[in-house]
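In what follows, structures are represented as structure tokens.
Next come two complexes built around chain A: one with chain B, the other with chain C.
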Partner chain A sequence: MQLKQYPAPHIRMSQTTRGVMADAIAALSFLYAMAFYYHGPRSLVLGLFSVFVCLLCDILCSAISKKRYNLRDFSAVVTGMILPLMMPASVEYRIVAVAGIFAIVVAKVPFGGVGHNVFNPAAAGFSFAAICFEDALFTYPPADLKLPLWQTAEFTLATSPAFVLQLGGTPGYDSMSMLLGKYPGPMGATNILVLIACLIYLVSRGTVRWSMPVSFFATVAVLAFAFPRSAAGGLASVGFELATGLLLFGGIFLLGDPVTTPKREMSKVAFGITSGVMVMLFRHFGNMEEGITFALLLMNAAVWGFDMVGERIARWMRRKKLGTLEGEKIPKKA
Partner chain B sequence: MELSKVRRYRKRHKLIAALFSQSPVLIIGLNLPFLIATSVSLRSAAALSLELLVVHMGTMAVALLAARYCPRVVRPVINVATSTLLMMVARLWLTVFFRGVVDALGIYIYLMAVNGMTLTQTNALTKDSHPLPVLRGAFLNVAGFSVLMFVISFFREYLGSGTLWGNPVAVFLRLPGVLVPFFGFIVVGFLLAGAKVLNKKLLGLALRERALREARFSIIENDVVL
Partner chain C sequence: MPMFSKGIVLSQHKEPAFSKPVVRFVHPQTDSLKLDLKQIAVQTEQDAIIELARLARIVDERDGKLLYRKLRRSQGKAKIIIADAVDDEPYVSSRIGPLLQMGEEVADGLELCCTVAGCQEKRIMVYKMITDLETRISHSIQKIKVMRVRGGYPAYQQKRLSHLGDMPRLVVGVGALIHLARAVYQQKQQSTVFLTVAGNCVACPMNLEVSLGMTVMQVLERCGLTQQPTRVVCGGSMTGVSILDTENTLITHTTRAILAVRENQRDAHYTCIGCGRCEQVCPSGLNPMYIHRLVQTNYYAGLPLFDPQFCIGCGTCSYICPSKLEVATSVATAKAYALGQVPGGEEEDEAPEAGAASPSPAPSEPEPNPSREQSPDIPSLPEEEDDAQDDDLLKDLPNAE
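== the complex of A and B ==
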């Protein structure tokens, strides 16, 4: 018998890394379709360019570390697809390249690559780009403006409703415009209806567990109601907080990353709640209009704590025969 | 043939090991705060390197005497008092050449009086320590710190500020993000990885050298037996 050594956890599931990545790519494709509808072919070219940069970095890093590159691993493609969707459609190609290089070369490969990265590569890449190019990343073209492939300086860029909220104002867009994404904002984060459809698709496929996004969005909603940033009141503030900026997009595609989140169900819920609190703290006290990526990076660093505490609680519950909180009951001895 | 290759390799890399791969700054993280927080311009790298040279070498020299003639209890006090005095002298001297930089460095100029490298190495001295190897080692450690400071500062100043030694230079893409302290951690992390790879390579060569020597001796012994 041949014994093979693998790192823990030793749980086998029918779900594969390739399947998870394929689901994410399918969901992100819908957002690219919407971005193409609103901003023209530039959005698609940005996406392709970003995927190319991320793949190239991944292959080069594999070559440097003398590892065989796994062609069936689509993680670099997913990272490459996520990055431009968090940016305005008018963003320069070199900014996308910087974010992609940082995501792969700094946030992914040094930690051991797929399945081992501590921080979400896309969140890290976007955060670095946001620190370096704050003006370029937080000014957006009008929603239904078709952009040329290369020149972007011929039209006026506007601020997003998230910026208005940060200043304590009330965004002047009606509910339908907010739902359909007809306002200046990140390329893939404004189409609320499509994002909700993506969430339903990913949850139904089992790629994203429902517990984390639900606890995350619920926490944000409760905090937005309790401490509204908008003068329009608590209920309106809940809508604005959830619909503006990268919150919904991040809650689905960044928070749902199975590698950088806790393993147990109750840890996931706790992680979602804490992430919600952290995001709202960044939104209330942060300098930038968008702090979700920074909040998630901080939370990524604390995942081991959630896992450790969750495991201890689960072990205690097993000993006390209280069930597992994962939906299954421990059978009693006959 | 293999042994000559190993010797040539080790000779060539002896200095690199002293300055980079075996530097206590990278290996045990001494003086890391300076390397991370202040390595944003070549001028500050020069100022801090000169300050460390004065503080470290001077304190080591006094600590050698203290280790020989003073009781163990008072030695740390003497060492810290010496390094503080030397820091103040160095600060006055640096203010003449790097006035703006000294002001910008702020607390880090004063923190050099209690830097980890000096404190650790002075307290490790005994009355049997030989002055020449100790001072040579101290100088190499300062040189190693300076090399790392200059390498990181060059990278961060060029990409972050688009300048070199305060003079504007052409840069394809300015990345102000590299001036943030967390990026210092990242660069140091990459350098540490490089040092580990180099050390592994040197260790592998040393092991091969030993194996070859043992093999050669066993052949000679067999010949003698035969």
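== the complex of A and C ==
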């Protein structure tokens, strides 16, 4: 009998890291379906191209550092799928490639690869592209416009409601078209209903904890109500701030990244609230129409602090609760 | 905000073994061992029962303590006696199975315990979250009320308010109660133990009553193997010890199950993605992910913040980990370090040399070493320990309804 020694426990949950990533991929593919519906096959080709670039970079970096690449780890695929969805459907392929290369080669691999990266790769890649190609990234094709695969220059591109909000105006779209995504905007971030469905799916699968998106969106809503940017008043401002730009998309897919967010529930809530404040500060005082990725990158640097404060509070609570039960058995110091 | 997890609900897989009758598989010599009643010279009935429990060498299988010590400590103090049949680990039904089929003996044992403690209240405690049973557990067994412990897997950690309050209580395992009844009414020594044999290599999963000191291989052969197992586990599926030498590992008082499993799992080298699930399920409110990372990087100086000494060894963190990391092993290493048992050697040096390698086995196993070499005729007894502290009476118990 060939027996091997294994540590306990001897049964394992069936879900794997691959399953967690596959959940995100499934949710993102709904957004690609909507983008296909609005903009035609170009959106799918953009997505495939971005995934290809990210995977290639990841594999090449693993080869350079002489690590074995685990093909079943889909994190590069998720990063690659997120990137084009934050950009307009008319974006050039080279911009997607630049964003993807920056995401993997600069933001992910040097920190140690999957599970060790401090900054969200997709947010970093998008921020880099936004600084380099600001004009191309923030002018959008109108909704319902089928784009050809290659040339996009002859179409007139429009600004998004987020830009109107930044100028202090009121976007002229009714609530139904805002919900369905019938306005110029990022490829995957305009379909509010689909995004909400994605959030529900991810939360019900346990891939994303509800606490962080909820605290994030609640903070944004409160701040939007208190300090409206448009003249339309508090409640309308809440709707506009939540529905325009990358806010909902980022709150689900960037904030839902487990690697670059705190672990403990109370740290997650604190992180969500602080991120919401930070995003609104960027929206009010930043010079770009979308500052969520910059806000998130700043917050990512503080995750360790959030975790450590959370651990200290947890230790205090634990000792208060368990310390009386076990009495002197607990050593004062290890 | 839930500081302490309510545990995880596991699919229990108790069924093929649970509904079959408990089969006796005993050594004829040890089975006929009788007590020598001439040694007993006591006045009261209570003392007689305690003395019989001592002579019969009954060990409570739920904590490995001698039953007569527990009885003596609770004499005249305990207000309620609870028969513990909480089999919360998957595949294990070695307490609930005998309870349903030997209800009279359990009731007799409870009655004897009540006589010792001088109280009237008695309950049977079973686990509620078992969904795959073909047999129903009734609300009273032999007119004794059955409490059901709710909640997820480490059922003993469910600390919701109980209607029992702080009532002093004595909790005895079902097996020990059956053996107590046999010792008093049939003058039999405890020479057997109840255990479950299950797993996907076992042809006929069942609950067995096995003589102490038999080897694991004998028990497995009794139930039949359909294929060669890759892993044989002594104990429950969550906390058991994986053994290598089935010919020389013996059945002891605390062996609750033997699982023979074959799995063709490939080594997927995922890294931790920091999903935080281990932190969400830890019943002690620890953060196993950070402890694992500290142990992997040999940074033992950072451990005090994470309190690894509170680990109860339930293994939920490893169970839930989507990256299939050995988180529980790391936490056990960290716990041994935090409690002053430096892993890897006796020296009191600084940590980095001491707890170097991650594949080293976990230094503190929750169960006593099952592979003690002993003569099969003499039932093994745990070492005598002073009974000054660790009182079972006021120990926190799961809530039940």
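We adopt the following convention: the second predicted complex is superposed on the first by the 306 of 334 C-alpha atoms of A that agree within 3 Å, B and C clash if a C-alpha of one lies under 4 Å from a C-alpha of the other, contacts with A are read in each partner's own complex, and residues count from 1 in each chain.
One rule holds for everything that comes next: contacts are C-beta pairs under 8 Å (C-beta built on N, C-alpha and C of every residue); 3 or more make two chains touch, one makes a residue touch a chain.
What you see is a predicted model, and the numbers here were worked out from it, not measured in a lab.
With both structures placed on the common chain, the touch criterion links A:Leu149 to neither chain B nor chain C.
In the superposition on chain A, A:Ile131 contacts chain B only, with no contact to chain C.
In the overlay built on the shared chain, the residue A:Val106 is in contact with chain B alone; chain C does not reach it. Once chain A of one complex is fitted onto chain A of the other, the partner contacts of A:Leu235 are absent, as it touches neither chain B nor chain C. Of the two partner chains placed by superposition, A:Ala63 touches none, neither chain B nor chain C. With both structures placed on the common chain, the touch criterion links A:Gln15 to chain C but leaves chain B unconnected. Within the superposed three-chain arrangement, the count of touched residues of chain A is higher for C, of the candidates chain B and chain C. Overlap of the chain B and chain C interfaces on chain A: none, as no residue is touched by both. The touching residues of chain B, counted against chain A in their complex, run 173-178, 180, 186, 189-190, 193.
In the complex of the two chains, the chain C residues touching chain A come out as 1-4, 10, 90, 228-233, 235, 237-244, 246, 259, 261, 268-277, 279-280, 284-287, 289-290, 300, 303-307, 309-310, 313, 315-316, 318-324, 326, 328-329, 337-340, 361-362, 396. Those residues of chain A that touch chain B in the complex are listed here as 94, 98, 106, 110, 128-129, 131-132. Contact residues of chain A toward chain C in the complex are 1-13, 15-20, 68, 70, 72-73, 75, 113-116, 206, 209, 258-259, 262-266, 269, 307-308, 311-312, 314-315, 317-319, 321-322, 325, 330-331, 333-334.
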